[in-house]
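Structure, as structure tokens:
Here the chain labels run A, B and C in written order, and each chain numbers its own residues starting at 1.
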Amino acid sequence: MLHKLYDWIDERLDITPIWRDIADHEVPEHVNPAHHFSAFVYCFGGLTFFVTVIQILSGMFLTMYYVPDIVNAWESVKYLQTQVAHGQIVRGMHHWGASVVIVMIFLHTLRVFFQGAYKKPRELNWVVGVLLFFVMLGLGFTGYLLPWDNKAFFATQVGLEIAESVPYIGGDLKTLLAGDPEIVGAKTLARFFAIHVFFLPAALFALMGAHFIMIRRQGISGPL
Amino acid sequence: MTDKKNQVSRRQFLNYTLTGVGGFMGAALVAPMVGFAVDPLLKGEKDTDFVYVMDENEITNEPQRKTFKVDQVDGWYESQVDRTAWVFRDENGEILALSPVCTHLGCTVDWNSREEFSNEFFCPCHDGRYDKNGVNIADTPPTEPLHAYEYKVEDGKLYLGKAKSRKEA
Amino acid sequence: MQRGKGMKFVEDSRVLDKESRNKIPKDYSEYPGRTEAFWPNFLLKEWLVGAVFLIGFLCLVAAHPSPLEQQADPNNASYIPLPDWYFLFLYELLKYEFAAGDYVVIGTVVIPGLAFGALLIAPFLDRGPERRPSKRPIATGLMLLGVIATIWLTYESVEAVNWEDRANYSVEAVPDVEIDEEDPGYEVYQNNCMSCHGGQLEGNPASGGPSLVGIPHGKEALKDIAVNGVGEMPANMFEGTDEELDQLAEFIISVNEQANGEGEEGESEEESE
């Protein structure tokens, strides 16, 4: 039954080469921890992706209860954390995942750097990877404000002050981020929510797609 | 597949293990999130408090429109919402407090609002009609009588609770 | 890719007919060493690592509930802001003189801009063919310097924070008590104690005043402390009549009794406002 369905789709779209390319490629010896224990350093990229999946899933579910509004945001986070089944776990996943993903991406970056894996012909993939790092930090910064507790509010205010200190464009930059030249409030929260939930994830998906396509085209860098 | 037919090949075995480990990871990840999403189903219905509406001696045989406020806890949002009831005594002297929500599609019915349907509850959306006791009149869209509020009378005061279906009655 | 006459397609699409597709699988012999198929052999190993990681991660999540502090209050003058740990290095950097005040641009733009900019274009700065860290000392040295500086700054920042005081910012630290503002003792409290012990008796980490909920003292002990002080609390903080002192002690005790009573009942949904 499934075979027939697969054949039906495959005849029309020729999908076999797509997944065969992903599934059948050979993994070289030097990245295989079964042969060299030190090859565990190659896990960090995969784990970064895994935690990113956790972040996307838990984030999607969190928005079922969360509202980006200064009156209700904190109340809704408190509600989902204390009253909703498994709320503590789902918010915990998102909260701790944010920290773990930074750790993993940091270790992955160090691995690639110290192995010189960014050298020709992989320069572009390194640039995309560093941009992914920036996007992750941006997600961390914007996500921090969303619960609208004291920590969120004051840390964001500090962050906006830092943006303001940029020469020439600082004031405009801050206004653009906060949505208001003076108040850090309702407009800021709505803006940060939009950036956190739509704009940065969109950039994340595009960059991750580019990152993976380049890895598949170039293959993993050889042993040192 | 070299010697015996029903022997599992190494590749098949790895595939099964892979599916198993993948399934475990997926389940461990998604299980709490599914519980989180279906929480409204787990919560069930809450009991409503009885709210004072009017004095018993003000109740007449003619339906009177009464609004009252109930405390509503809507997740993290607590508010007071207006409820409306048509309160009167039926032929047997029993107190009846009808919900004005049409049992057809949820529009709001009105008492005696049309000349051609006097002494009836009438719903303007699809011309649904109910007699004075809130029983739906045959050949009009509603399929069951108007819901009636649970009530209790204490010290000559009428308290209303939750509006319940009267279908089996 | 094959082109030209003789190719068969699925109807008028550009997808090749099944018979014409290239069905020869890739030749594994072109790969040197002990290679392994990605699916299922290698992926299984990756997923085993992933599963172990996930168990560890879920244990972390279960053991440490994610923190939620009290609702944002822009007028809270006593709050000491602190960013998430992965921005602490930047936060700490801005404490240094050369990166603060008139030179804040150095701390906020120049240093992070140079560091992250160099990271972004690293492949174009380090162009030699050598990959071993020991063969490219400048790149390795700069990276090590950056990593050590980041870790050092983060450590310094963490050291400077009083984590016990910060725990008082948590929403759980707010006693779930209803303050009876009609109580005559409340007015006395407002005038004498509130500046250090907070409007809800929750304490104030900045001024050092501890929470007054959950304290063991009886009425006489409370009156004594209010007049003579205790620990870091100076004497003569209370200025008023003996009658007011009585009212104050009774008020604090009543709040404590309320808090204890609620604790025994378990979870109660009383709003603290």
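Heads up, the rule we're going with is that contacts are C-beta pairs under 8 Å (C-beta built on N, C-alpha and C of every residue); 3 or more make two chains touch, one makes a residue touch a chain.
What you see is a predicted model, and the numbers here were worked out from it, not measured in a lab.
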{"item": "Between A-B and B-C, the pair joined by more C-beta contacts", "value": "A-B"}
{"item": "Maximum centroid distance from chain C, chain identifier (CA atoms)", "value": "B"}
{"item": "Averaged-CA centre spacing for the pair chain C and chain A, given as whole angstrom", "value": "17"}
{"item": "Mean-CA-position distance for chain C and chain B (Å)", "value": "42"}
{"item": "Chain A and chain B, separation of their C-alpha mean positions in angstrom", "value": "42"}
{"item": "Chain A, residues touching no fewer than two other chains", "value": "54, 75, 78, 89, 93"}
{"item": "Junction residues of chain B, two or more chains touched", "value": "29"}
{"item": "Shared-contact residues (touching 2 or more other chains) in chain C", "value": "39, 41, 50, 54, 58"}
{"item": "Partner chain A, residues of chain C touching it in the complex", "value": "10, 13, 15-16, 18, 21, 25-26, 28, 31-39, 41-42, 45-46, 49-50, 53-54, 57-58, 60-62, 64-74, 76, 79, 81-87, 90-91, 94, 104-105, 108-109, 116, 119-124, 126-127, 129-133, 136, 139-140, 143, 147, 169, 171"}
{"item": "Interface residues, chain B side, partner chain A - complex", "value": "29-30, 32-33, 35-39, 42, 75-77"}
{"item": "Chain B partner contacts - residues on chain C that touch it in the complex", "value": "39-41, 43-44, 47-48, 50-51, 54-55, 58"}
{"item": "Residue ranges of chain B touching chain C (in the complex, touch as defined)", "value": "11, 14-15, 17-18, 21-22, 24-25, 28-29"}
{"item": "Touching residues (chain side chain A, partner chain C) in the complex", "value": "10-14, 16, 20, 22-30, 32-35, 40, 43, 46-47, 50-51, 54, 70, 74-75, 77-78, 81, 88-89, 91-100, 102, 109-110, 113-120, 122-123, 126-127, 130-131, 133-134, 137, 140-141, 144, 147-155, 157-159, 162, 165-167, 184-185, 221, 224"}
